[in-house]
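Next come two complexes, and both contain chain A; in the first it sits with chain B, in the second with chain C.
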Partner chain A sequence: MRKLFEKIVQWVLTGSGFVTSIVILLIIGFLFTEGAGLFRGRVIEEGYVLALNKENPVSRLTAEQIKGVFDEDIANWKEVGGPDLPIETFRLEDVDRYFSEEELGPQYERAGEAIVGWVEEHPGAIAFVPRVMIPEEADLHYIEDRTISPAEVFAGAEWFPTATPAPLFGMLPLLAGTLWVSLFAILFALPFGLSVAIYMSEVASERMRSILKPVIELLNGIPSVVYGFFGLIVIVPLLQQGFDLPVGESGLAGSIVLAIMALPTMITVAEDAMRSCPRSLREASLALGATRWQTIYRVVIPASMSGITSGVVLGIGRAVGETMAVLMVTGNAAVIPTSILEPLRTIPATIAAELGEAPAGGSHYQALFLLGVILFFITLVINMSVEYISSKNK
Partner chain B sequence: MKKIEVKEVDFYYGKFHALKHISMEVEQNDVVAFIGPSGCGKSTFLRLFNRMNDLIPGSRLTGQVLIDGRDIYAPGVEIDRLRKEVGMVFQRPNPFPKSIFDNVAYGLRVNGIRDKSFIAHRVEEALKGAALWNEVKDKLKASAFALSGGQQQRLCIARAMAVSPSVLLMDEPASALDPISTAKIEELIRELKKEVTIIIVTHNMQQAARVSDRTAFFYMGEMVECGETKMIFTNPSKEATQNYITGRFG
Partner chain C sequence: MESPRYPDRYDLRKRRSQWVAFALFRVFSLFIAFVLFAILGFIIYKGVGVISWDFLTEPPTDGMTSGGIFPAIVGTLLLMLGSAIVAFPVGIMSGIYMNEYASRGWLVRFIRLMTNNLSGVPSIVFGLFGMALFVKYLGFGDSILAGSLTLGLLSLPLVIRTTEEALKDIPSSYREGSLALGATKLQTIWKVILPMGMPRIITGLILSLGRVSGETAPILFTCAAYFFPQLPSSIFDQCMALPYHLYVISTSGTDIEAQQPIAYGTALVLIAIILVVNLLAGGMRRYFENRLKTK
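Showing the complex of A and B:
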């Protein structure tokens, strides 16, 4: 009977371990397949073509060039390697401005022909139209459509997922924003966190510690949206006045809020690590004539280094993955930041802000999953470096 | 020559009267063994000589402890200077998580010595003094944790000796070691007594008999008797001592 019971317990434990691992693997697999789907997507919006006059030799344009053409930043074909001709763009939305109702027909049944005619007449024309509208016999020339390449995603400097006809998925600004904010958050949190941890573990009286510790742990329980709110109401205006900025929402505001959020984890873990430094090591150091401070920085801190680094890295982990607070205070401008005082946008904030608007299965949606994959890799690298550091210390 | 004099010392942990009215003297270059059952106060007494008990909140001492004629509990005594003068080896080997070299050099460095060649010289001397040099001279950069327990304890002795103390306190230094390592430590004690005055706490009465010149027996916070080791073990004057060394209690 007892044997059977033990067998059942063993089964349940094995089963739950198995199920958990499978679920985690499935999530990662899902993330990867969805994210990789982006590279099967087309540069030009699905079902549409970019039609040119047949005299125009240009047949390849990058997504950025397409955006430039339709934003009228690029006004002449020679800027993209074509003849010296001014560019005339045509979007389907403008159809009523170009043609009269008679030309289009009451049900727009003649719109295709009209557009084809217009393109044939204008040597510098480029028209963004659904493929189905173009009659088969039309004598036009099309911009070559291709799949989105990894280079324009990972090295692209522009994140413009809703641009038509060619959305831009350059992830550099988001990656830079994330790293930038996290780096500064750590720079702010590290000195404070370590000092408080040292104070609590080595200096504070037992009474002081018994008050301080629960207070700091309480900070860990505050929802991030509350921190974001605090940042928006207090830190953002302060920065705006203090640095005389046009807007206070900036990378700096995000870093400060993140630093405050990372502090409790950092302090608690580092403090625990230092307190668990064996008494015998402290005594050995003191018995050799070392002062209390020499003992702290020469023995206690090095001996608890792996614990302290885990604390710091857990803090970084929180900073890298934090969404809500950052979304609220960084201003969310998807540009590569040149200064910490500018608005910027992080990966988690982008996913949170845009996933609701991205049509499921579309390129934008897949690009957001790919951001998730990148985030996953960042955390993976951080975790592995912790393992490496702590294994080196032993 | 008198190295240490203890005059009517009482010691309290809060309300607990841990050491009761103890007086004794230790001659220079003697090895003195403290024996007695667990909780008798012998370790507490040992820790008075380098003021290690100061770390315990609520501890209090009355009376005088003199080393080289100076009261180490007088106001104005610099505790870190005192501890450099009075080294200590603990019950369990407690090397720092550093290299072998850095362990031995630690005491020199915290005492403000920067001269690299001097440090290297002292480290070598101390390791030789602890009969460890031949075993570690090719791996001074290796972690101290790579050594065996007995080697670690000799490393701790070298570490204590590197700062050239004149008194060495040993708190059951061989209790966590195997018989061969224990024998090495005991041999070392006989060597080291040429340089320093040694006070050793031990649970092992044979060890006390083997290494010490004088032995003090402690019981319930009192020093029952103190005298020549031969006398204590062959012809103790107190019945409690007799009972303890013959194994009737303890």
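Showing the complex of A and C:
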């Protein structure tokens, strides 16, 4: 009886040992199923068609071209490989401007015919209308509706998830924004992080260390939303005045806040690595007549390089995945950043800002999950490289 | 003292570069301490005037431009409790398994790798996952249950790691002594190992609660309510939470200017929770260390 009980407990404990692995698998599973759905989605909004005059030979348009056409950035069919004809766009919202009430009928029951007639009369027309409105016998030509291709998503330079008729899910601006902010954050954090780590492990007196250690722990404990709030109230206005910017919310504000947030991880890991550098190495160096500083940068730092690198990489990981603080201070403009002083937008901030408004199961929703998958893999790679670096040392 | 073998100038340069380097390190370190005190000081200075009994015990009023933050405080406490119920038992059991049962080798390495990976997953990804699994797939909706589960999974790696480290430091002679007296493995763990590791495990648990109290991203889509002045009546209700409340009133709302004092007050309450958690954990660590020493 007793033995059976022990066996059961052992099974339960074994089961709980695998719980993190199961959670990781579940995360991958759920994020993937939702994210991959994006590539089964259609370029053109569901239930709608883009109708052309039947003389018009154009039948393929990319999502970006469709957006250009309807934003009137593209004004002639020859720009998208068609005949030399000016483009005339028609959206359903415009229906009252194009047609009189008699033409449409009191309940809009003749709207479909009216639109078809209009498209047939105008050789350069393109109309964005619900499929059900077009009468079956209408003699029109339609833009081919394709599924969204990975190239458009991963190499696309425009993120307009709510654009009609064709939303754009180009993730490059978000990827660039994330890397840009994290890069600068690490550049700011690196000198401070290493200095503090060296100071705490090699230079500081025991008393000084006992003051700094809780400071670092507290910095680590402050919630990211408080950092974001502080950044919004203090750092953003300072930058706006200091650099004379139109808006203070910028990549720079984000990187400063992220640098502060990445510091504790960096310092703790690097300091641990340096403290575990064997005493004999230091003593040998000092005995040879080297000063303490020479010992530090010629012996201690090279000997604990893998630990220091781990600390820095973990700091990058923290910066890449940080959501709330970045969301609050970077201004969230989804454009490929050209300067760190401009607003930009990161992957986590995009998910946090847009998921609440994206209708569940739609392309936008799925695109946000795909961003989650990308983020997950970025941090997975970062973690794996930390494991690799520290295992190489042993 | 004998005269130095090196030329004086070389020696001087060596000492000067050391002086410069160390001074720089000290300045940088003091600067970091200054940054922390600037953040804390600023929020305490601006927030302390807002804190009053009414602020802590009243719901928000007038489109969140006045009133208190009581529902948010309650919500955060509920989420801390919920995540503890989710994460603590499983996390501690997992830690025990890793240190006491699993045979050293690739299996432990694999589990540890997975735990480390999970601790590196960004909190917003937990939010997405919680939304997909708990809110949508299991149909809990935006609820305290879904939020607690998500936050519990987020704090799991921390709980596992602290448990494992606490148990690792217990000398194996204690295990052997207990086993030699005829105790079974389970009895040894229950009567010897766990009581000895408890102080450090509890310290780690308190710190993980602190982390949970400040997380925003995971509850954005699983639990947090923009405005929910009455207290939740079941675990399937939404709730307000301090970090989300701070985010909302500092970035959106009807009147950002009028909301600002409330934002300072909310930030101060959040920071107070973190301070209390850190002091509690630090105090406990010292207390138990002293007790061990005097024994």
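We adopt the following convention: the second predicted complex is superposed on the first by the 379 of 394 C-alpha atoms of A that agree within 3 Å, B and C clash if a C-alpha of one lies under 4 Å from a C-alpha of the other, contacts with A are read in each partner's own complex, and residues count from 1 in each chain.
By definition in this document, a residue touches a chain if its C-beta (ideal position, glycine included) is under 8 Å from a C-beta of that chain, and two chains touch if they have at least 3 such contacts.
As the structure is a computational prediction, the values presented were derived from the model and not from experiment.
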*Just chain B (first), just chain C (second), both, or neither: which does A:P214 touch?*
second
_Once chain A of both complexes is superposed, is A:F230 in touch with chain B (first), chain C (second), both, or neither?_
second
*Counting residues of chain A in contact, which comes out ahead: chain B or chain C?*
C
*Please indicate which partner A:P278 is in contact with in the superposed arrangement: first for chain B, second for chain C, both, or neither.*
first
*Could you say whether A:S16 touches chain B, chain C, both of them, or neither, answering first, second, both or neither?*
second
*Between chain B (first) and chain C (second), which, if any, makes contact with A:T291: first, second, both or neither?*
both
*In the overlay, answer first, second, both or neither for which of chain B and chain C A:E46 touches.*
neither
_With both complexes overlaid on chain A, does A:D73 touch chain B (first), chain C (second), both or neither?_
neither
*Check the residue A:T379 against both partner chains and state whether it touches chain B (first), chain C (second), both, or neither.*
second
*Taking the superposition as given, does A:E357 touch the first partner, chain B, the second, chain C, both, or neither?*
neither
_Touching both chain C and chain B, counted on chain A across the two superposed complexes_ = 291, 294
_chain A contact footprint on chain B (complex, rising order)_ = 50, 52, 55, 80-84, 87-88, 90, 92, 94-98, 106-107, 109-111, 156, 159-160, 163
*Would you tell me which residues of chain C are touching chain A in their complex?*
14-15, 17-18, 21-22, 24-26, 28-29, 31-33, 35-36, 39-40, 42-43, 90-91, 93-94, 96-98, 100-102, 110-111, 113-118, 120-129, 131-133, 136-137, 153, 156-157, 160, 184-186, 207, 210-211, 213-217, 220-221, 243-244, 246-247, 250-251, 260, 263, 267, 270-271, 274-275, 277-278, 282
_Using the touch definition from the top, list the residues of chain A that touch chain C in their complex._
2, 5-6, 9-10, 12-14, 16-21, 23-24, 26-27, 30-31, 34, 191-192, 195-196, 198-200, 203-204, 208, 211-212, 214-219, 221-230, 232-234, 260, 263, 291-294, 296-297, 314, 317, 320-324, 328, 348, 351-352, 355-356, 360, 368-369, 372, 375-376, 379-380, 382-384, 386-387
*In the complex formed with chain B, which residues of chain A make contact?*
278, 280-281, 283-291, 294, 298-299, 302-303, 393
